[in-house]
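Below: a set of structures, written as structure tokens.
The same chain A turns up in both complexes below, where it pairs with chain B and then with chain C.
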Partner chain A sequence: MTETIDQHQEGKRDVTFRVFRFNPQVDSKPYFDDYTISAERGITVLRSLNYIKEHVDATLSFRAFCQAGICGSCGMRVNGISKLACTSQVWDELDKCREPGIIRVEPLRSLPMIKDLIVDMDPLVDKMTRYSNWVDSTMPLAEMGKKEFLISEEEFQQYDKATDCILCASCVSECSILRANKEYVSPAVLLKSYRMNVDSRDGIHDIRLAELVKDHGVWDCTHCYRCQESCVKSIPIMEAIHAIREDALESRGPRDTSGAKHAEAFMEDIEKKGKLVEATLPIRTNGVVWTLRNLLPMAMKMIVKRRTPPPPPLVKSAKGIKVFRAMFREMTEHVKQDHLKSQKK
Partner chain B sequence: MKRYAYYMSCINESMTKEVDRSIDFWQKDLGLEFVKLHEGTCCGGSNLDYVSPKHFALVNARNIALAEKMGLDLIVSCNTCLMTIRTAKKKLDETPALKKEVNDILKKEGLEYRGTSEVRHLLWVLVDDVGLDAIKAKVTVPLKNYRIAPFYGCHILRPSKVLGRDNPLAPSSLDQLIEALGGQTIPFEHKNRCCGFHTLLVAEEESLNVAAEALEEAITLKADFIVTPCPLCHTVLDGYQAKALKQAHIDSSIPVFHISEMVGLALGYTAKQLGIKRHIVC
Partner chain C sequence: MKPFDIVIVGGGGAGLYAAMEAMKTNPALNIAVLSKVYPNRSHTSAAQGGANAALANKAKDDSVEMHIFDTIKGSDYLADQDAVDVLCSEAPKIIRELENIGTPWSRMEDNTIAQRPFGGAGRPRCCYCADKTGHTILQTLYEQCLRKGVLFFNEYFALNLSVNGSRSKGLIAMNMKTGKVEAFPAKTVIFATGGYAKMYWNRSSNAAGNTGDGQAIAYRAGIPMKDMEFVQFHPTGLRKSGLLVTEGARGEGGYLINKDGERFMARYAKEKMELGPRDLVSRSIETEILEGRGFDSPAGKYIHLDLRHLGADLIKSRLPQIREMTLNFEGVDPIEEPIPIRPTAHYSMGGIDTDNFGRTVMDGVYAAGECACVSVHGANRLGGNSLLDILVFGRIAGHTAAEEAGKFEPGSISEEELKENVEEIRTRMQPSGHYERYGALREELGQTLALNVGIFRESSLLHKGIEDIAELKERFKKVRVFDSSDVFNTNLQQVLELQNMLDLAETVAVGALAREESRGSHTRIDFPVRDDEKWHKHTLATLVDGKATPGEKPVTMGRYELQERTY
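For the complex of A and B:
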């Protein structure tokens, strides 16, 4: 009870914002400025930054607009996590500080810096262009504006969530692969691509998919789920990425790319042995030449340490494999029936 | 004795055999009995779910049903197997039509997926079921001279709606285990980051960059070793370590242990017994 009253009474306190500063025209390297302000309970990180800009340091730069979690402008890293400053409560952030009472504010990662908390969104926009992140309508030009182009409720359900994306780039900033290679398509662009590719009004599904399966595309996602976890709109981004892969396997076949071959190997091995045959996975994914060139030196070390996966004949099938295989194949028949039904539709 | 069904991950039967072997040494010491599921099959490794969502549901309903038949929870010692089987369980529990379709097929083997067994990680069993105090009481060789970097990996934390045991932004279970064993856990920024395993064969350069970042931090922090609850993370951080560090122009190395080995060491088993000598970096 006492604790509740104390918490209630603590409506105001001094909070330090340790803010990333960098002006490439003047500074040789980035640095941090500490701003200590008296903050009220209920105030957001964005309102605090606005206060600092208006009353403490007018040179501090950041982007913001709607202040209500709608426009996606104020994406930044607060205490290390990419999110919207306008929907982040100072009091909540105080619980997450590494140094008590000091909230760290930094720009998003993996995008070029412009000044302080402002990053350049152009690389993201360029990728949205490269992957045609719009509906290229199948409606003839002459009919446009003259009639409605309706979609079913069932179809809308498929991309209802994906349309919530406000391009705040939090997922872009958190993505593991983008950090490792700036050429990577990035989660937001994959999400948009998925959303356009399942839209029945769109006419360039195949062209978009052909771009998505190339290098730095959909198969380079490493399933770390950081994008989904950081999404400010709780969009299941990984489901969209998996759906593009499912579509790629279906539309372009399982031999299309190394990513497709790798994924398909799991299906083959499970049906055959109930277990993954790891020894041949690199060859089945990338061929003999790639495997010898890339993995031979490591394979030698592994042989010495007796860590090499057993060759296919020595991989023991799971116990009861015969019944398992029959059940697996029965499910294959179910899937075939499902396809026939959906084609009829 | 606490009994569990133990899921045998493909990688632990091939490349990281030391995981299951080291558990066998100490399970009785901690009052645990793991019944190995030899009938279990590959979970699909975070790939089957999009290659064929229905086969994915069938295969993992069966894996769980095998444990349910024995009335036991299913224990997993690979992060990706954990995430994959839990994802299937969530899907089955939320989709009665799918559950029925799968159960109609499972009848052939006299199995039924009911949703009664939990699917949990070995780390959670140690921290939550055995308990930190009970573990402390069994420690004979405290790891007190070691600075240890805890590397949780992704699929024991994310997606948090499927995992839910640790806060994905500030996980603590592995840190607690390290401390219970007498070790010193170090503040490791990369503790909840990715190892890059799942793109090793598709985008190797990117994967190795991801791994190198984590290795570099652990080396810079002068950790004595990294410990991970996932054999896939181990395969990258140990097996691919030399390649990753070479790509990042870092001339150093750091050993990487499985949690099962770390527990074994603290309970008095030797590095040789536990299979630590099988690592690429020793």
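For the complex of A and C:
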């Protein structure tokens, strides 16, 4: 291990790694082990784990490969946040500890545990397959390799950031929907789907989109932005998710699926009243039959508890609705202009 | 398990291309890809710069012929000229094919694939996607393999070939998730396991897993290794970690500066300056440092790679990964400060001896990519030719194996043979008495290689290196695996990887001692000039009675006569 001048000057800091342990062969449930080492400035979490494995406890298990932030192997939760161990500085993490001097290291969430910090990536690969996360080229087989598609810089820019994704699954681990529903498509797969859908070389845009608007698909996202906040490559994942939704509304129509209808109902209410008309929202999203079948018991309970939302005629427009409507119209106009611009390209 | 027609070991660029091409050649074949990591983690992802192809998008007068000449000259005339013909003629086709199936290449103003200058190339012919070229190529190939339903065995660690006389019966591998040793009987096996430069450990830019597993398995099975002494040191590794700053940084116009503020490359390559070939630039940096013109720090001596004059916009748009990396691992923002760098072991030119079709001397065993030595890189690989190599020869190996699988009987691997493999591991897991730590051995191996089998070599140093390796091999027998778990035993895996590195390290040092000349990446202080009369040939290393036994093989010449290599 190398040291530098500044490390000598600034010395070392003692740090305890509180690491999640679980070996399915012997442990009935997970536990934590503490490893205390001294770390100089510039040392990453991964180098510390390597040190612990080599010198303290060889049974500690985690994945690591390139150690340079490009292969995506060492995704794990450090102090509660999903990230790459190889690009996380120990001294930075020491400033974020809940308990002073103790860095918690845990496996990614929402993927099946295998051992210690290692989780099963297969569910993610399966979803990539289900949502056709590949370019299905429009180049005829006989022409392959003979000529190039001509791609504009503007088109390249549309998917440039998205192709930075290294599938480290930090977003998967942070996603609040996945924690409730393991079948949810997941942010990484939405990002990849978006990247394929805006690629002019691809010929299965409609098939992919049809899959994305189904249950557990793009409409299930609740805009919590956790995926984007935790992305180790700073990819604007939410923009990709919004783009898929806009694409779905535009190319499949606003009455396509319950997700699209829900979004449309939202827009309608906001434009008219500046707030939601909650009483009819489920009906407009999923229809009368579904609502009666699924929400009637809850509606009864709400009546008993006097928690029912006001009936539509009683929902008054929000204060300053006129100014708001003007703003709303202006925004809608902007969005339209942007669309026209991108279509011209 | 049902016998396979083709088992591909390794899921990087070469392995995935081989799989795709084999399926295309004969869709009825039963093909499996084994990888010790998820394929999208493979080290192909780390290649930043690009892949060479004479598309002539940027320089209209570029040609395949010029690419061929640059490659042969770059190899210091040790490449086989017929193999280089194949590499360069296939290049435009394969780059376009990747483009056609979704690789997001950066674009020129006329919307064709962008190209930039690269070291040792007479024309700007390196096709790129920002500084994430390898990553995007690997993603594309993995996506296409998922599309075609390639059968993957992810996180399987290959142990040994099962051999019957002169032919292979298949592969034996450990399932990391269960610890179970499993048989993969197969008509053909393709090794595509990447390079062995990680044996230099902390002085290497490679991923932790680039331990030469495929080469070591083939070597133990009696297949010769070729030109193992040729290890490329990349000129610009980060001082602290050995991690790589892409040649693209110099391609875009970066300067190399010594402590006197001099652009010292003027002394070594007047015309090409910073864009001289890698071996030359590495030696130049090392010479500057040895002669006292480097900067000093407890992390070692270094020189500066200065990008500041390129401006923030260009650095942010064309070299974003470099900036991120220097910030993360060196605490330096290249927009504000020069980057501290020194040469780092980066690429292994040597590898499993194959012909131009990926065949090895053993029936049914093929190799492609960095783990093979065709040889297209000879004594020194040009930047942008390694991605090209894995694509072109990965595809060829896949095609050849698919065509030839029918020739071979399906092998069967006996229970006894599996048990032998399990037994070997078990013994390792319960030694008694005094034991050695694998971590220490691994570090010592890297140190002795960097010191004695590094950029500048010499007889007494090499003898010391060989002795050290022999001693480490002896000590390795006492290395103990502390993790007794069957599930994902990374402790065991790392120990087995160390064994592979130790086996191969011997061939590197023995080859370096034998080759009494200086050629390409191999520089002997005691034999400072190229000696075509005695050494214009490939070296071979074959395992005989537990020792690396030297052999040789002629270089295939063609249109280009031997010339002095100057830039």
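Operating definition for what follows: the second predicted complex is superposed on the first by the 268 of 345 C-alpha atoms of A that agree within 3 Å, B and C clash if a C-alpha of one lies under 4 Å from a C-alpha of the other, contacts with A are read in each partner's own complex, and residues count from 1 in each chain.
Here is the rule we use: contacts are C-beta pairs under 8 Å (C-beta built on N, C-alpha and C of every residue); 3 or more make two chains touch, one makes a residue touch a chain.
From a predicted model like this one, the values you see are computed outputs, not experimental measurements.
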Check whether A:E246 is in contact with chain B, with chain C, with both or with neither, and answer first, second, both or neither. first
First, second, both or neither for A:Y31, with chain B first and chain C second: neither
Answer with first, second, both or neither: which of chain B and chain C does A:S176 touch in the superposed model? first
Quick check on the superposed pair: does A:S258 touch chain B, chain C, both, or neither? Answer first, second, both or neither. first
Write out the stretch or stretches of chain A touching chain B in their complex. 81, 96, 176-177, 179-181, 184, 219-226, 228-229, 236, 238, 242-243, 245-246, 249, 258-259, 262-264, 266-267, 269-270, 274-276, 278-279, 281-282, 285-286, 294, 298, 301-302, 305-310, 315-316, 318-320, 323-324, 326-328, 330-332, 334-335, 338
So, in the complex, the side of chain C touching chain A is made of residues 37-38, 40-43, 45-46, 55, 93-94, 96-97, 99-102, 104-107, 109-113, 129-130, 132, 135-136, 139-140, 143-144, 146-147, 154, 177, 202, 207-209, 240-241, 243-244, 297-300, 321, 324-325, 328-329, 331, 437-440, 481-483, 485-491
Chain A residues touching chain C in their complex are 1-5, 7-8, 23-26, 42, 44, 53-55, 57-59, 61-73, 87, 89, 114-115, 118, 121-122, 125, 128-129, 132-137, 139, 143-153, 156, 159-160, 163-164, 166-167, 196, 199, 201-202
How about chain B: which of its residues touch chain A in the complex? 10-11, 13-16, 38-42, 44-55, 58-59, 62, 80, 101, 105-106, 108-109, 154-155, 158-160, 168-170, 193-194, 196-199, 201-207, 209-210, 213, 239-240, 242-243, 277-280
